[in-house]
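Notes follow once the structure below has been shown.
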Amino acid sequence: MTATSEDQLERLLLRESVSEFFAAEYDLLDRRELSEWLALFADDAVYTVPLQRNVKYDHLERENALGPLDTAWFADTKDTLSQRVEQIQTGVHWAEEPVSRSAHLVTNVRIVERSPEHGPAQTVSTRCRILVYRNRLEREVDLFVGVREDKLRRRDATWEIVERTVFLEQNVLLAKNLTLFF
Amino acid sequence: MPKYVDRERGLVSREIFVDEEIYRLEQERIFCTQWLFIGHGSQIPQPGDFFASRMGEENVILVRGKDGQARVLLNSCRHRGMKVCRYDEGNTPIFTCPYHGWSYGLNGDLVGVPRFKDAYHGELDRAQYGLLEARVCDHRGMIWATWNFDGPDFYEFMGDMLQFHDSMLEPTDGGDGEMEALPGVQKWVVPCNWKFPGENSIGDHYHAVSHVSVELVGIGPGGRGSTRHGDGGYRPLAMTAFPDTGHGSRGGKANPDAVPRYPFPAFSDPATEAWHRAAWERHTKNRPGERPAWDRLGNGGNIFPNMNYHTRWPRTIMVAHPAGPTTTEMWRWFLVDKDMPYEVKQFVRAYFLRYSGPGGLTEQDDMENWSYATIASKGAMARKLPYNLQQGLGHAVDSEAPIAGARYSGGFISESSAMVFYNRWQDLIDR
Amino acid sequence: MPKYVDRERGLVSREIFVDEEIYRLEQERIFCTQWLFIGHGSQIPQPGDFFASRMGEENVILVRGKDGQARVLLNSCRHRGMKVCRYDEGNTPIFTCPYHGWSYGLNGDLVGVPRFKDAYHGELDRAQYGLLEARVCDHRGMIWATWNFDGPDFYEFMGDMLQFHDSMLEPTDGGDGEMEALPGVQKWVVPCNWKFPGENSIGDHYHAVSHVSVELVGIGPGGRGSTRHGDGGYRPLAMTAFPDTGHGSRGGKANPDAVPRYPFPAFSDPATEAWHRAAWERHTKNRPGERPAWDRLGNGGNIFPNMNYHTRWPRTIMVAHPAGPTTTEMWRWFLVDKDMPYEVKQFVRAYFLRYSGPGGLTEQDDMENWSYATIASKGAMARKLPYNLQQGLGHAVDSEAPIAGARYSGGFISESSAMVFYNRWQDLIDR
Amino acid sequence: MPKYVDRERGLVSREIFVDEEIYRLEQERIFCTQWLFIGHGSQIPQPGDFFASRMGEENVILVRGKDGQARVLLNSCRHRGMKVCRYDEGNTPIFTCPYHGWSYGLNGDLVGVPRFKDAYHGELDRAQYGLLEARVCDHRGMIWATWNFDGPDFYEFMGDMLQFHDSMLEPTDGGDGEMEALPGVQKWVVPCNWKFPGENSIGDHYHAVSHVSVELVGIGPGGRGSTRHGDGGYRPLAMTAFPDTGHGSRGGKANPDAVPRYPFPAFSDPATEAWHRAAWERHTKNRPGERPAWDRLGNGGNIFPNMNYHTRWPRTIMVAHPAGPTTTEMWRWFLVDKDMPYEVKQFVRAYFLRYSGPGGLTEQDDMENWSYATIASKGAMARKLPYNLQQGLGHAVDSEAPIAGARYSGGFISESSAMVFYNRWQDLIDR
Amino acid sequence: MTATSEDQLERLLLRESVSEFFAAEYDLLDRRELSEWLALFADDAVYTVPLQRNVKYDHLERENALGPLDTAWFADTKDTLSQRVEQIQTGVHWAEEPVSRSAHLVTNVRIVERSPEHGPAQTVSTRCRILVYRNRLEREVDLFVGVREDKLRRRDATWEIVERTVFLEQNVLLAKNLTLFF
Amino acid sequence: MTATSEDQLERLLLRESVSEFFAAEYDLLDRRELSEWLALFADDAVYTVPLQRNVKYDHLERENALGPLDTAWFADTKDTLSQRVEQIQTGVHWAEEPVSRSAHLVTNVRIVERSPEHGPAQTVSTRCRILVYRNRLEREVDLFVGVREDKLRRRDATWEIVERTVFLEQNVLLAKNLTLFF
């Protein structure tokens, strides 16, 4: 094995490890193992879903409302995420009772940054695409397709989620609520 | 026109929540005649700043002129109707139509017509072809507008509801600080009739049961386990609603014997707690012996037809724009004292966002109920069964000074305010 | 009201398959007045068991009371219309509305009103506000209901069609065993008018040509290569349809000389074959010299307006719920003898599923035809061309004992039953 | 019926772009009465060749009979309305309905009825049940059809517009070569009313400003940086429109003093340049001293109601099929001289595709404007504001020989042709 | 190469092999090489698409109607699958004539079980997400997004499908038919 | 490491390299780094999006209108692609001003041909699935799901796109325009 492919292989294994982590995570969501899903987040995790604005081509930097005081769809910590989970688990959260069906897809997983540069990565920044299908009661359907950026931190042989930002690529949200996770 | 609202018996026809023709009438007789909330001045601080807003189904531009005045313009070119502004917000000296290039000044005047001399032979009466400008009132930064040029002015329209409206603006310390809107407006689409949120907001204390899951979790400002509205203040004795205008507050009749006391909920964040403590210190100096207006007058209400407001915990405005008989486009603003420290704003923002909006743990259940109530009211048999609003029917009483022309609901939980809302609706549709 | 159905000339206007206003009339004049199929008793064996069903466009709850009676309740709260039951099936002592918590007993009575004493001042007339209860008939486990409280009872409504209906229930061995529904109901959405499946079911033998691909493959119970309905039994001489009610069967006029013979198709599965052989043994003892009713009376038909049934091969019910002029929501149940052995049930289930439903090799082509016939009938020119139903026009004859009040189609392939269906439709719309 | 088009004042109501009922009237009074473009003969060269086309909202089949005649048949079975042809194109001896197997000959005759003898008792009057055949005119390979059997023939319908129409067909060298359509038709869906493209095509030179991004890039045949229509030919002095028929061209009034000169744009491809140079050589011999008709008569126009054509640069036809009040299904054909060399066809095809269609850099901006103008015209207030078409009002003049019965626009940029379009629309709706 | 990454690599190659198999399978479907697609199934294959119920949060186990007598969308064997294929291939199966266009996506592929645990895997259980787009005639569109579980068995250098279960995440099926494969 | 898995590994690294390339490419599109995206194309690149016809089952070869004179949605070269990019970048291309939001997904990536067969691949032919979500202004949504075929050529350590053909699996295009890239 050449040095090049040794290096390629290392990158590959890293991406594989992240891809597997994301796929396993989405299995938990679709199987509604929400407490287990929550456990994947670091205690200091931040979970953000910003509004997105219609702006001029030369003001694209204003498109994503990521300012710390900007109104957002979600500006959660692990604590608020866990409140969302607990609410569903009460069995009387009507917006999710009966529980919605969902399928979460994750694709285009990329490692965009890693630290340290060499040796076993301790943190990685990733970008991927997600598609989330929700189907509720008889005929209610929502489809979300977006870009997701994650910062993961090494936790034993796997990862924990430190930062997650989801760009839903909508301006007016085309859904009555956001009772689901991305 | 059949009578949809039976005042005497407290019944409201389901037709008005699902029928296409009634919906069309509502656009003409309600949304073209009433004062509607457009936005907050803090969204357009500078001349040339604009914010794309709505009036009913229609897009309008809220823009600050060179003269500092806020204006509201119909966002549709007078030539072939094209939307002249397609950004959510920004700053511009002029609105130029992408289709043929007519351009409009910040006051709506048609200031540029390409080829005016040759193609138009200089004959187009440009003065007649400005963007349609609504009648506007900028009341303490709150921008309202109407297409009713001959009707009552904003203050007549509001009547004694104004003090409730203004209680939302009152600075936390009772001083003369300003309110501002957090940047950005949540906009989302709910498959329900727009009157569900209206009725909810004017006074449906009865649906607290639907929020039991929220209370089980406890999402209030006091942190995990604390009640969703916070635990400060007094509970009002009754709600208030104005039969002549259809407005109402979920409070208003306060216990006259209640003495001013520290009115804020506990905050789990020390900085936020400290800031509120200090604000209350100032309040006792600014307004000795007085309770904050929002503490006396109720934590929210509805300004007819579709401006739902929450004065505190959370402090927010929601406009329920009609978008078809069974679709509503909700727009939500969040409000803070301008002089709140950055970290306090951050803390209350997080609370606002976990309470309200499509991601809000409380509001999610409301929308589920409104949308499935709408759907289940469509059927041929279901339509024959009017909604029952007899809760407290006949138990409302006239309001007392300083609130004139209103009815108190008779108790904290009652449908008398909802009936005021629907009676006003019927009055306008019957015209 | 123009005349849409030309009885004399055998023509039916395309308007009735696409027009919004006609569709609305159908909901009032047909789906609010006729008896509709709701479900099977085996779906709700125990008190408190419920099954969420439909009547026309509306959701209803089929529920077994503590008294063992099956009832049908409109699934819409009498307070603000919210759907009170949102599960497909289950067992419950009570239906509690998620919106404000009104609760209803299994018989629909309003049994719980939060804050009845204070908020309602004890004044709400709770007896008037139960869930709307339909008129129900539980005929041998088949649950039917109607909103027509003053009209004919179920047996008048069925008339002599009842024997056809009951032939579906007849145990395979002619004994007194029960029928049961396999767990679960297929529900799916087809972009066609609901009358296409109705007409198909009352008697369209002519469209066999559209199923040539099925026959080429051979999906029958006899295994690969066997004909789709199986190869047992006799072919009827004519179809039967009832002008007064609009019901009809794709058989009914049986060859009087036909002697009872082994009526089942060959089964590729030995256990299934053996079970049927044994059942026939019992049949010859239970009903010596008799042919099974479903063998005499036809393999299926339609009970007006929208209950399509198949007595055998496959044994299934499909209700074509209207869901807009050009949309139908299909619900399909599969039926078996309760005492069939487990592995026989499994075998026939597999056959049912490859025949019927959205995954059924046969039904797929029907739905393609219905949906594209619906679309192609919408155009301004196409609407002017009535459908032609002249096949066998004038060749139908009066039925003979034991079938009273019906018309025989004159031949196995004929549109006379379809005309009975549309004539009945016109009678109801003309009211 | 209110008057939607104010001829004198140059105003057009927004209602006609969004209203359901007006849309329905249009289908009856315009699309069932006018001649509509169906396709080009080169798409169906052989007997039995067919091409699935549209007339208004409806599917029709363009088919060449055994006699070599092109015919147009409504694509809906006379039995139950099923679409009998579901392929885009092909060759067939017969159209067999998938539903019950009726089959139709290439001339629409009902030639096969399964079970005619027994099920129909030989009684169906088959001669009455052919596919509805439209009245057709095959004018030099251009196939037009109408449902108006008693109205004017194609040449009356076209009047003096015919020379404009024919200029599109004129071979590049002025000889007697044929035109052909490139294989395949672009079809796509735009959320705008169908009259926007009609008005655009009859004469909206004013919207050039909306294409500034195209000109900045330069997508013309001359290669990068060259103007989008190419740089050849003369600019007309005025547009032409026919009040009696509603047709019009974006040219027609040519400078009488303009002498014939090389009329083609520069081509970046040497083979294409050379071929055009040679064609012009032949032209000067074929038609000495003459300018090409398309150079004299304008680069495109609209044949009422919905056939938008471009004679050159690009050479293309677009039919704007109505598909609901606010939806249009666009169909675009691309045209070339049949005898163009292969590589020249390839080059111009690439140019056509970067100019036109949903991927066309020019057309994209048009569709954005039409669709947002449609949306912004729906609101209750916006609907009250008529569109302004006063550009050049009162400045049009009568046309001169050889163009009879038309009006010249008075200038290159004017809305007088658009007013001719809308006046004709009003005439037909008022009938 | 460390033992850890050797192990990671083995897992990776296994997942890769399954991913490639699924991608190649979906190429066959979208290219309508249906006989070749059928050949990927084991002779004893079982292909199930269950109904899904709206149930209470605390009865989630009842959601998927997987009982052996439950009504289903599909309860096929290789034999019935082949009948479906043959029917389309007659050219007169009107529900698929003209043939629909489709695009089949497979994502989130995970190996959830393997046997034997060590050494070359002979059978694997996998879970993935699928998205199937169908477009028919002029304007008919259906979109299916679901969870798929497969059991694969080693067949020479590749796999055969022994069990496939598809969860369409719909209650009322939002399509007029199911002439397509998942 | 056995020879077999050595070979598997080589294939895996090749597919990984292509997958990474495609994911990085789609990041550029969704981040609207259009000039950078354009740079991924070879100078002689050909970009084709054909019309698709409704044809008989036994004429499936006529389905995709790939003839050199056939009308198409796109029949672009690098030069016309660059014109499209430049037009958007003018800031006055109204069909994309304000800029649309998008999320581009790529899945089912397969190497269907490579050259040379052994040793470092210089060109590869690939097939994948794409899903492109576009959301514009307030409520405009388009969804494209299709099959994509690419021919890539080695460019240093990465690739350049030589041929791209996109099958949108639509007959009537269900969008008002095609201002986006696939």
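Here the chain labels run A, B, C, D, E and F in written order, and each chain numbers its own residues starting at 1.
By our rule, a contact is a pair of C-beta atoms (placed from the backbone, for glycine too) under 8 Å apart; a residue touches a chain by one contact, two chains touch by 3 or more.
These figures come from a predicted structure and were not determined experimentally.
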Identify the chains in contact with chain B as well as chain E, in label order.
A, C, D, F
Given the pairs C-E, A-C or B-F, which one repeats the contacts seen at D-F for over half of the pairs?
C-E
The pair out of C-E and C-D sharing more C-beta contacts is C-E
Farthest chain (mean CA position) relative to chain A
D
Whole-Å gap between the CA centroids of chain B and chain D
49
Please tell me the distance, in whole Å, between the geometric centres of chain A and chain B computed from their C-alpha atoms.
33
How many angstrom lie between the CA centroids of chain A and chain E, rounded to a whole number?
26
The positions of chain C in contact with two or more other chains are 86-87, 98, 187, 189, 210, 365, 368-369
Residues touching two or more other chains, restricted to chain E: which are they?
1, 9, 12, 54-56, 92, 94, 96-98, 105, 107, 131, 137-139, 143, 171-172, 174
If every chain is a node and every touching pair an edge, decide which shape results: line, ring, star, complete or other.
other
All chain pairs that touch each other:
A-B, A-C, A-E, A-F, B-C, B-D, B-F, C-D, C-E, D-E, D-F, E-F
Touching chain D in the complex: which residues of chain B?
27-28, 31-32, 55-59, 74-83, 86, 98-101, 114-115, 118-121, 123-124, 129, 132, 147
Flag every residue of chain A that touches chain C in the complex, lowest number first.
92, 94, 97-98, 137-139
In their shared complex, at which residues does chain E touch chain A?
1, 5, 8-9, 12, 15, 52, 54-58, 60, 63, 105, 107-110, 127, 129, 131, 143, 145-147, 167, 169-172, 174
Touching residues (chain side chain B, partner chain F) in the complex
86-87, 98, 187, 189
Chain A residues touching chain B - in the complex, by the definition given at the top
49, 51, 53-56, 59, 65, 67-77, 79-80, 83-84, 86-87, 90, 92-96, 171-179
